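Paired with chain B in one complex and with chain C in the other, chain A is shared by the two complexes that follow.
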Partner chain A sequence: MVGAGALLTPGFFENGPVRAALGVSFCAAMLSAMVGVFTIIRGQSFAGHALADVSSAGGAGAFLFGVNPLFGFLGLAVLGAGVLEMVGVQRARERDLATGVFLGAGLGVTALLLYFDVTMRSTSGAAISVMFGSMFAIPPGMVKLSLGLGAGAMVVMAMIHRPLLLCAAAPELAGVQGVNVRLIGFLHLLMLALAVTLSAMTIGAILSTALLIGPAAAALRLARRPGRAIGLAVVIGVAACWGGVWLAYDSYNWSGGHGWPVSFFIVTIIFTIYLASGLRRDRTMRV
Partner chain B sequence: MMHEARALLSVEDVSLAYDGREVLRNVSFSLGQGAFCGLIGSNGSGKTSLMRSILGLETSQTGIVLVAGERGLHGDVGYVPQKLQLDVDLPLRARDMVALGLDGHKFGLSWPRAKRRRLVDEMLAAVNALDFADQRVGALSGGQQQRVLIAHALIRRPKLLLLDEPLANLDLRAVAEIVTLLRGLSHEHGVTVLVSAHDMNPLLGSMDRIVYLAHGKAVSGTPSEVVRTEVLSALYGYHIDVIRVHGRVLVVAAGAADELPLVRGPHPDNSVDEHPEHVAAIP
Partner chain C sequence: MLKSIPAVAVFCLVSAPCPAAAAAAAAPVKAVGVETQYADVIAQIGGRYVTVSAIISDPNTDPHEFELNPKIAARLAGAQLVVENGLGYDDWAGRMLDAAPDAQRRVINVQRLLGLPDNTPNPHLWYDPLTMPRVADALAAILATMQPQHADDFRANAARFDASLGPWRAALAAIKSADPGVPVAVTEPVGDALLTAAGAEILTPFTLQAAIMNGTDPAPQDVAAQDLLLSGHKVRALVYNEQVTDPLTASFLALARANHIPVVGVYETMPAPGYDYQSWMLAETMALRAAVEHGQSTPPLGKAPG
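So, the complex of A and B:
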């Protein structure tokens, strides 16, 4: 019988960047799955995408000023969450329009900062790192910080999950039961900002929506209970991230010494699982 | 009009306006424990605004609302809102929705407990919803969703249950079942029930109190006290005819009764203009 370790490329777990990638991506996948389920059922997928894109301005700025990219991504994502909360539009169409304009403005700033990165600091890799991630280049010191932030956010999500669910299902009933609907909505936006920050660190700002929405969307097709949907989304997200890390690491062996990007493999796995979940959906809806 | 000796719900002189437009004008009525009351009025008459004022979701310009003699709800009120659209993909079974009525406002983790499950099952049984307890709530029919929402509202054992147009968009059988269920809750379990409806007829045989709203004003009492030509004419400010056709009550503006061939067909309720200037309410 062949052991699981024999399937992995030799040196996989001994490699420092791989261990950092596995740690940060685990955290990002867990939080994104938890937040993603609520983001979908609250109809805020577009807001999640907008926060990710706006956070890219922070990442680009961090490269320009030489600070930890995590703080850059996080700062702009939290600022974006505050702006979305202040806009506070209730009607879906108007809210989407405001979110779209906000997203465009954020990407415009990102374009300017990335231009400065290239022209003033000669960091030509910044654009790829910010937009599509550079998981094997995560500094070891950032792993503990990411794990701490992720764990804190998950505790907050666990604390607010019931009011959040009630607000998502029926905000008017939540208000009657004494839930501060606006406060819960803002807390969710903050957790969303943290989730997209950690995702941006792993698969990049542009692709972080895939980690936020993909596993949750597949899980929601299969599960009838919120707890099971979250659990399933976590499993899918972590499997996609770890599978992507392994495939990217292994690709050095068959791609002529130039490994393929981790983000590509993660997004491909998520997309495949999402398609497969559609095959089982009808059966699940019947039972 | 009649007031209960010990009012569970007391609405006193409530007035409400939006952007200078008067929605409720000095509305007063009271309901005793176990009363089954219809809040009747045509669309736009202020029924939902009055319910939201009772719930504290709207701040009235004047007046006071007391539940069990106190301001504020204190968990004493259950509410079933109008037009609650539950997404079919919402990962929530009927029993989960009911459980959220118990602890959906609480922070922290919820562990599966036998007592919690028993309470949920009791509520589902009380509204005859155990058969679809494990189905996604968004995939249920309108009548089934109403049962689940009533169980959600009842699980904290409220003294007062408010339902905003719970009979709208239901088929005749579901309407009869929901009315029977609500009547049982009030008469057998002592829950005070206030049901808003634009059509009073499904409630006529069951309600023992009625609050009739028109142009922001209200008149209340027993159905026989309120649904009378002189009372409703005074409420509307012009002559109103109260006509009984095949056991149904029609409230029509003066002169409209002459056109009743329109409403004497096999389906009279489907044939009349609901506009209040022409027909005040289509019961």
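So, the complex of A and C:
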């Protein structure tokens, strides 16, 4: 950490693509970390992954129809959230089965749409940018949109975080206290869809689970209270994203001018932090 | 494989009635040019003694990402003469041919014809004005062994083809003498050989061109460098691959337009209809000239202006 400023490669903050990447990944990391904590407590990690995979069909479709990829990802993620909520299977085993089948169907559609992208719309980079992200090629206008959506989602999260936590920890109690469990569940899935969309834009649909679950999982190992866990998850997520952006930027200097993919660095940082957090896993959380 | 063909020819010469060879001579050679530009040159050299088809002909498809289907596999397997580009551009064609071995089939791999190593970074060989004359000569020589009775026609066609590239060479030389070392930006390496032949200096980092060509995430330094080329008016044209577009290339296009830098469209495969290889290369070179000399953008080839 000492002399981090001096370590920064010259021109880092003046670089347009870097600024866009820092902005969009900040929104993605922050929202994903917040939603991720609730997602883990509710045991919906797999649903989060499924939503990300299903949303890739929207990303691929956006390339095909020439619309803003954010709306493509978001449309399919919200649709996916609706389907998952409608299925609403309560038993974990059946829920995983249904989610898995749904995920497969979504990726199948993605495969078809990516095929059309390449053969009809000459968007040769579509497959990599949908699946693994293309953070340094974020279209202009995306940053403000992401900031807006991220801010909106965080307001909603702040409003529903108490009933959400109650539903997650003790659904029966929440029902008794007059909380609309189903509505809160749907709002959570909606926020999940938004978080997944923003991270799909940054590190890609396939890898967005890492941003959703990784920082939250590490934070839940380290923090005793949910509030602290959320804060810590946000710090870890943003640090991983910004660290990844910096490492990818710096890699230009030692990779022969190619620059390694930023998604790799972000996911690796998250994984490292998760492993490190295991050293203190003896703690248990008090809700 | 190479040895068997002279052996058959010798056999036919010594035994006068040779019905199999006579029938083969009568039927046109079934030829495939993997990309339209190679098919076009085959047709120009072989004339009416060949039937040619191209595999990659849809100008909206990026040939790098082409996917094979069984119909195309059958067409390749049945071909007597194939021209493929090589350098990983159309590897699937070579794999397909290996899967359907035919000792009589003749294959021209343009990479190997030019003696280029596998790590040659830019696979768009046909943009080099030296490439196609050599392909034409190789075609004439091979067709002469397949149909010896028309050997003179093939050689004459190859000579005519070479001569018909004169206007293109003249246009390249005109840019080189009028604007030596004119600075240009590109999105992809597709037209780089043409630009080099015109004496232009390509200022876009090759790593960025390769990232866009290969569909990988570009380095932010390269994107910033390219943005600066356009916003700082450091280039006199943006050479834009019309067949590979994504949000990044679209942003370069918008930046070029905002800064009144003319845009020249280039293509991976020959835009059809209305073009042959020579007129296509000439049209792109004239478009480059209009851009660097008069600051004019060109509408996409084959489309009405405006």
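Heads up, the rule we're going with is that the second predicted complex is superposed on the first by the 278 of 287 C-alpha atoms of A that agree within 3 Å, B and C clash if a C-alpha of one lies under 4 Å from a C-alpha of the other, contacts with A are read in each partner's own complex, and residues count from 1 in each chain.
Heads up, the rule we're going with is that contacts are C-beta pairs under 8 Å (C-beta built on N, C-alpha and C of every residue); 3 or more make two chains touch, one makes a residue touch a chain.
Here the structure is a predicted model, which means the values were calculated and not measured.
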Three-chain arrangement built on chain A, chain B and chain C clash or fit: fit
Contacts of A:175 with chain B and chain C, given as first, second, both or neither: first
Vertex chain A; arms to chain B and chain C (CA centroids, nearest 10 degrees): 150
First (chain B), second (chain C), both or neither touched by A:129: second
Contacts of A:15 with chain B and chain C, given as first, second, both or neither: second
First (chain B), second (chain C), both or neither touched by A:261: second
First (chain B), second (chain C), both or neither touched by A:147: neither
Partner chain in contact with A:139 - chain B first, chain C second, else both or neither: second
Which of chain B and chain C A:105 touches, first, second, both or neither: neither
Chain B or chain C, by number of chain A residues touched: C
Where chain B and chain C come nearest after superposition, their Cα distance in Å: 38
Doubly contacted residues of chain A, that is, touched by chain B and again by chain C: none
Residues of chain A touching chain C in the complex: 11, 14-18, 21, 63, 69, 115, 118-129, 132-140, 248-249, 252, 257-259, 261-263
Complex contact set, residues of chain B against chain A: 55, 57, 73, 77, 79, 81, 84, 86-87, 89-93, 96-97, 100-101, 103-110, 134, 136-137, 139, 152
Chain C residues touching chain A - in the complex, by the definition given at the top: 58, 60-62, 64-65, 67, 205, 207, 210-213, 215-224, 227, 243-248, 250-251, 254
Footprint of chain B on chain A - complex, ascending: 37, 41, 158-163, 165-166, 168-170, 172-179, 220-221, 223-226, 228-229, 285
